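When the chains are written out, they are named A, B, C, D and E in that same order, and each has its own residue count from 1.
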Amino acid sequence: MVPLDHYLVLAMILFCIGTLGIVLRRNIIMVMMSIELLLNAINLVFVSASTYNQNLDGQVMVFFVITVAACEAAIGLAMVIALFRKYGTIDTQFLRTLRG
Amino acid sequence: MGQITIFYILAFLATACSLLVISSKNPVTSAIYLVCDLFILAGIYASLQAEFVAAIQIIVYTGAVVVLFVFVIMLLNLAPNEQSSLGLKLPDIGFTLLTVLSFLIVTVLLVNEQSSVSGGALGPPEAIAQLGGNTRAVGMTLFTKFVWPFELASFLILAAIIGAVHIAKKDPKPADKAYGNLKASNREKAIYGSP
Amino acid sequence: MILLWILMLLPLVGAFFNGIILRKAPKSISHAVGAGTLIAAFGCAVALFMDFMGQGGASKVVLAFDWIDAGQFQAPFRYIVDRLSLLMVLIITGIGSLIHIYAGGYMHEEKATWRFFSYLNLFVFMMLQLVLGDNLLVMFIGWEGVGLCSYLLIGYWYEEDQNAQAGMKAFIVNRIGDIGFLIGIFLTYKFFGTISFSELRDLVFSGTSLTNGQLQAVTWITLAFFIGACGKSAQLPLYVWLPDAMAGPTPVSALIHAATMVTAGVYMMTRMHFFYYLAPDTQALVALVGALTALFAASIALVQTDIKKVLAYSTVSQLGYMVLGCGVGAYSAGVFHLLTHACFKALLFLGAGSVIVAMHHQQDMRHMGGLKKHLPMTHGAMLMGLLAIIGFPGFSGFFSKDEILWKAWTGAGPWIWGIAALAAVFTSFYMVRMFMLTFYGKFRGDHHTESHLHETSWIMWAPLIVLAALSAGIGFLNVPPLLHHFIPLGETFHHYLEPVIAFPPQGLLHWEHLVAEHPHSQEWMVMGISVAGMVCASLFAIALYGKGFSPLAESLARRFPNAHKLLENKYYIDEFYDAAIVQPLKDVSLFLWKIVDVSIIDAAVNGIAQSCALLAGVTSFKMTGSLHRHAVVMIVGLLCMLTALVF
Amino acid sequence: MDFVNNHILSIMTFIPLVTALAIAAIGNLRFAKMVAMAGSIAAFFASLHVWYWFDSQTTGLQFVESFVWIPTFGIKYILGIDGLSLLLVMLTTFLTPLILLSVWHEEEPKQKWFLALFMSLECGMLGSLLAFDFVLFYIFWEAMLIPMYFMIGVWGGKNRVYATTKFIIYTFAGSLLMLIAGVVLYILAYEKTGYYSTSLLDLYQAAPGIRDQMWLFVAFAVAFAIKVPVFPFHTWLPDAHTEAPTAGSVILAGVLLKLGTYGLLRFAIPLFPAATATFAPLIMTLGVIGIIYGALNAWMQKDAKKMVAYSSVSHLGFVVIGCLAVVAGGKSLSPEALTGAVYQMINHGISTGALFFLVGIIYERRHTRMLEDFGGLAKTMPWFAVMLITATLSSVGLPGTGGFVGEFLILLGSFQANPLIAIGASLGVLLGAIYMLTLCKKILFGPIKHEENRNLKDLSPREFAYVFPLAFLGIVMGVFPDIFLSKVRASIEHLASTFTNYRLEAQVLSPNPDKFTWDHRDQNTKVIHTISTPLNTMNTP
Amino acid sequence: MAFELPTLTLDFLLAASPIFLMFLSGLVLMLAAVSPTLEKPGIGFGLIGTFLIASLGASLFLVPLSEKNHLAGTVISGLISAFGQSTILMISLIVVLLFQETSLKSKFFRGEILSLYSFCVAGMLVMVASSDIITLFVGLEIASICLYVLAGYTDPNRKSQEGAIKYFVLGSFGTALLLMGFALIYSATGLINLKDLVVQIPKLADHRWVQLGSIFLVSGLAFKLAMAPFHLWAPDTYEASPTGITAFMATSVKVMMIVFAFRLFSQGLIGAFAVWLPALVFLAMSSMIIGNMMALVQSSLKRMLAYSSIAHGGYMSLGLCALGTNSLELPLSSVMFYLVSYSLVSLCAFGIIMWLESGVENLTLQDIQGLSTKHPWAALCLAASMFALAGMPPTGGFIAKLFVFKAALDSQLYSLVLVGALGSALSLFYYLRVIVKMYMTKPHATLSALSPKPSLILACLLGTIVVTVLLLGTILPEALFQQLLKAAENIALN
């Protein structure tokens, strides 16, 4: 049996990678894909914990997380499209008029 | 034994794919790696006897969400220079890597051999099997204990749809576009006096 | 005691009427009110005196009303009526009346004299507070009150910058002394629990002896009060205000800066004599300061050319004598000199005032000369004053000054006596010089002035006559035993004050020499030397200045240019004070304001705010609005919280 | 009538506020002025009522009104008056009508708001003088800042924004420290008494341990020191005074600064006697520095108003010294010095108020306050000269004026506590004369250098009417101080004795003063408060 | 284990009626948007107003006095929920009224926007009425997703889009943090309801994953509450969004998250007090410092208020920090009091800005120079709200601050309170700057560009708010506080 901690550490590693993606990539779509990575890391924790705790609530949670992920993706991508249509770019460098 | 080996292989693959996701120059490539990643994770879920989740991971996540990404990437057809550049300057990157690394170290430091307690209300896998398997058990939970959030999820999706439609729809009144400029010029007029 | 209240309130009423109600009234009315109230007050004083002496002359204490009462501290408006205070009251009201009368003539050319008489009356009121107060605090009211009136009167012609400046100087220098006075009060209260003269006196003279701590404190107390006296009575080193105070109208100089106010220090020391007797160390210092002041001021007066300045330095010098008298324990001698000095110095000042009026406010003796024929009355009166001040045998100054010199010889030794005697010689010289330069020789002023020279009106010379008579005769109140053989009069004045001035039991051993017998030969010798010195100095002065500035006088000045210059510039004391105290203080103040206050304290206060804003500005600049940077900050925050967990 | 008698303090406090609201609602400026004047006079009469019925023999609070305001936290609405506050209350109600008179001629429409602000300021001042509940006091104390802020900021001089911002933030920062300390004290009191109450009378029972007292005292003292202002915290004052309109300066110098010293007497000292005894030398030293420093600074000023402002720093130094003259080896406060301090507060309010009025009067005529622009005004404005000299003399503490009584008693009392301090402070008497007479000389005396000064009008009857009472009172206070002192005597002796009793008690209650811990739960200091301080006639629930 | 379909009780229907009403409102408005005849601002206003009032009424009057669980604990009715719901609804109503009188009227009162607005409110209502992690998450997401759209696309322009995207990206990251926290705690306990955690967590306080999870949870919470250093989205988004939405975000999101924090800290994680307290103290301190300091240098009013709201988040969490050491009731009710007073005041300030903005896009300090001469009453309201935000007596802001300080001092958080006090002093500076500009500076030319329409509704509304805030500082505090105390007891007993 793989200890639960292994799953959690894997999740943490994925979470960190996702975070790095958010921090480093300038392309908004890439940033959003990194967010998906984060959500996957979370799902991994929920699923593994659910199994180890012999409790299905975690898996139900994953269901909702996936739903939310879909919704967020929809909204986010809509925003990206709107932005691109109007200004022709989806570079985060473009989004720096608000500052201070 | 075998389980552990499989886990490590999958874990390695997942990490590798994730790294490729964030490091690929082309978003499409990234998306492909993301799909791979999701599949691998689905494998892990399956190995954890969470078949239902593994299934929706593939169907919904991979089938819908990532495809949506790919679709949008295609739609936008980005110029190459916008695909690859990094969001931070070099010193910042070093700093960030350091931060994230230390974050990881801290996390790993935190790990100890404490075993988690089981607050399980469901019982061992046999109980799940008795209920008719994982999918049915999850379904039952979803529709009894979590019926309220489940219903709410519909509103969530509805809200997302409305939002997405509102965002993506073309501006019905193009005149409005100039509104901001108008306001700006209004102020300038006030400052410099009208000609 | 109703007389006492009337006596005290009359000047106040006069001041009030003149100052508030009669502002638009003609000059004659304000003069009448001013002088009238004072004459009435003098009348009251005389009646009070008669009444008092009729009742045997024992001290009385009268309460007006409560003043300050806080914690254990009490200072009611309580007045002491005794031989000393009544004597002072008589001097103040008597000479005051004469000067008020005279002032009517002197201020004839002024447009509005209500202010002048109001101040003058107020001054008398304050002076009465000073001398009658039974506790130190009531005395202090008068003490500062006369200072205020002096300030106002010196600056009476305020349109001249330097007059206002002189008034301020007087007030501030006096304040230095006042701090000493205040500290004296605090010490007294701390160690004796009361500040009432009568109670302190009872305490000192009562059977219970003072503790060692109290005895030590007495030294400090007396020192502190002496600082006060130095300020008010223009002793070294605080005398500098008095010469400048001559900027005021001459009657003011006569009343305040010669006859009354400046003697307040002497009066106060006499009031506190039981303390001074307990502190021989202080006494020694007092005597030294008195003698030095006498000599120092007299030496400056030798070369002054401004008639009022000469008289001013002369006043300082004479005050030195009085203080010397106090210092050697001869309080009654000091007070006696105070009395005679009040008469002859008032006379001299008023005479000088007449001269000045006649000269159209020309005060420089270099432009006078030969006024005798134009101002015969003034000349005559001033001659009396001159003889009195130089101590011509038979005149008042002779008796009073001689007693002080003799007590100095016996009490403080030949050195102090020598200084005082030398000062007496100088006095004779400069007074005769002044007299000669003014009244004899040829007129040195311009023709226009000469054509208008004439004797002053009776209102001005009448008081002079009275004062001249007093200056000549008042000395006989106290004839020393040595001369009883020639003049069959006793030590009336000495006996009069005897009940008031006494040695406290614990201080007696320091003062045995005062009551000891001394051989008459010594006394004759001391007297002889001073009379001889006086005569020589006078003759020398006549020789030098009898016909104006003789070539000899000028050659002397040329022979000793440094000494002459030093004296002419008053030893550069004013300049010294300015450079050593005033300027540094100003520099420090400027430093405190410009550097400490603005650039350090205020800058620190503002700096806190500014540094916050600066920090925020830098942060704001660094936050470039980049999404990624925002995320990094979040991660750093998370990491911070996590680190707390690990450690 | 019973209602009035029972609630006279509330009535007095809130008449101005109601007036302010009424003024805000009134459109007509003339009418608004009348209402303001009527309101301020009504408040004055109310205070006269209090003065008349005030029992000067009792040590306790009088005219007490008390009800629980926020029961959950034990915050109460307690108004009361004793000797310490009585005089300041009188001063406040007395100055207000005069100040209103001084702005009577302003015809700008927004002047209405000035009046409203001023009346609400009066409410704040009276409230903080009368409040005997910490939170209530704090509310009035802070609320007072707002009208003052606007008065300086809107009606002030050229640099007004800087000055007023500095004023309010500085005071506010200090007050916040006090607020924290007050709340801590309130928690400590709860641990002693077992019930929550912010009533001052209950806070007096907190009796914190010696180390705690130190911190709490510092917090309170700093708050009040800023308000006073004590030496290193004073820099807001010259700015605020210089920029404030005349009316603002008068009330600022007249009453607001006194609230700082009043706070010391009412809160910092009786609440933390042990700390007071420890810090007294330090604060007295600061007081002396303030006296000399303020005086020297004042001497150098070229702006008349700034000069008077620095003189306030100097004069308030005396008051601070008087408040903290701890005698008898730290066991008692000197009643003489305390009396002097209280008296000096009033006197400073009157003399400096008059000075600010007078500077304002010439400013109105000449639109400059620079000393070099004047000179020789005694000739053109004789009554002005009389008033200025009177006010000056009172300010320099000439015997026979109120200033002398106050300064003398302070010096006398503090001499018993610490002769060096007193001697240092008495230098202030000398320096005071120097700069005040310089001021007088430069304005009044000397030749008329500027042609504009030749035709200046003397005081108008209105101006005379608001300056004369102050000048007159300055002299009355110097000659008949007992009128005022008799009212405060009992309270002051009580304060001094409370200090003694309470201080002894605090030492008993802190078993181990060396061990310092913030956590009072661990300390065995939960001794039931047996020796109750005989604070006053009021019972707390 | 038996699975039972939950029965719909009347209790549940009543308890959830505010939520139902708001969802219904969303649906109705969405449908109305389809019909061209119905898509008019007036109708939209009427509809949403009606629904909000109805919902508000339901939340106020259909409250059980003690807490009750419905649907397996996914819905909680009780005083705390009622507090959260009614406050959020009140805020929403005020925001709608504010929009009614501004130039954005035609943009805001459109079917899809109003429907999103309703959903958003509904999501918040769900969130405050639950202690189940899944429900909380879904509610939060409904609210967030709607807010992303509302913030950026009510009046889409470059700035608001930028703000929305930043908000979206960072918000998703924040949600991920929160979720990760939930997940880790779940991994250690296997429990999904905060109430159930009460028993488990104390045993597991040393458990590393619980600790890590707590920190993640706190940081997720901090993100949504806009607490430093998780605050950076707030100024950008607040500045870029239409002011009404900014006002809505700055207040109702705070209410939602604070009520969530109540449940989290006073129930779920109370046992792991030692873990999250340092983190929360760190957040509170940095929020008070950074919020107040950064506000000093802002020239845009909205941005300044954004930083100010960050600082206020710090003050509220100061009260939260007091949880766990002492009794719960006082800290809880103090924070609630703070919330109410802060929300009212913020709405007033934003309301004035909204009203003034009709001619100018992003109001800066320069624009309001000399405002008092032209719009004295608006200036007065803004000044009053600035003083209240700064916590000057006699406003409710002061009483709120006092209560929170008291709660924190009760728990010996001296340094924290000291920082809070110093921050307060600092904050006065920038609040005063607004007043300085309005009252003590000569009008700038831009003042004439401001040409708001006089509005009776707005005047009444803002006037009422100002008076209420003043009353909260003088007469009313006890009346409100008693109610809040009851609510707090409600949660503390469970």
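Here is the rule we use: a contact is a pair of C-beta atoms (placed from the backbone, for glycine too) under 8 Å apart; a residue touches a chain by one contact, two chains touch by 3 or more.
All values reported here derive from a predicted model rather than from experimental measurement.
The chains in contact with chain D as well as with chain E are C. Chains touching both chain A and chain D: C, E. Every chain gets a centre from its CA atoms, and the centre nearest the mean of all protein CA atoms is that of D.
Centroid distances built from C-alpha atoms place C farthest away from chain A.
Counting C-beta pairs in contact, the chain pair with the highest total is A-B. Each chain gets a centre from the mean of its Cα atoms; for chain A and chain B, those two points are 3 Å apart. Note on chain placement: the centre of chain B and the centre of chain C lie 98 Å apart, centres being C-alpha means.
Averaging Cα coordinates per chain places chain A and chain E 26 Å apart. Chain A and chain C, compared by their mean Cα positions, are separated by 96 Å. Looking at chain A, one finds that residues 4, 8, 18-19, 22-24, 26, 31-32, 48-50, 52-55, 57, 60, 64, 68, 71-72, 75, 79-80, 82, 92-93, 95-100 touch two or more other chains.
Those residues of chain C in touch with two or more other chains are numbered 609, 620, 623, 625-629, 631-632, 635-636, 638, 642, 645. Among all residues of chain B, those that touch two or more other chains are 87-88, 96, 100, 103, 107, 110-111, 116, 118-123, 127, 141, 145-146, 149, 153, 156, 159-160, 163, 165, 167.
Pairwise chain contacts in this structure: A-B, A-C, A-E, B-C, B-E, C-D, C-E, D-E.
Only residues 1, 3-6, 23, 26, 30, 71-72, 74-75, 112-113, 115-116, 119-120, 122-123, 126, 132, 134-135, 137-139, 141-142, 145-146, 148-149, 152-153, 156-158, 187-191, 196, 200, 203-204, 207-209, 211-212, 359-361, 367, 445-446, 448-449 of chain E touch chain B when the two sit together in their complex.
On chain E, the positions that touch chain C within their shared complex are 165-166, 169-170, 173-174, 177, 211-212, 215-216, 218-219, 222-223, 228-230, 232-233, 236, 275, 278-279, 282-283, 286, 290, 293-298, 426, 429. By the touch criterion given at the top, residues 4, 8, 11, 15, 18-19, 22, 28, 31-32, 35, 38-39, 41-42, 45-46, 48-50, 52-55, 57-58, 60-61, 64-65, 68, 71-72, 75-76, 79-80, 82-83, 86-87, 94-100 of chain A touch chain E in their complex. Taken in their complex, chain C has these residues touching chain B: 626-629, 632, 635-636, 638-639, 642-643, 645-646. Residues 620-621, 623-628, 631-632, 635 of chain C touch chain A in their complex.
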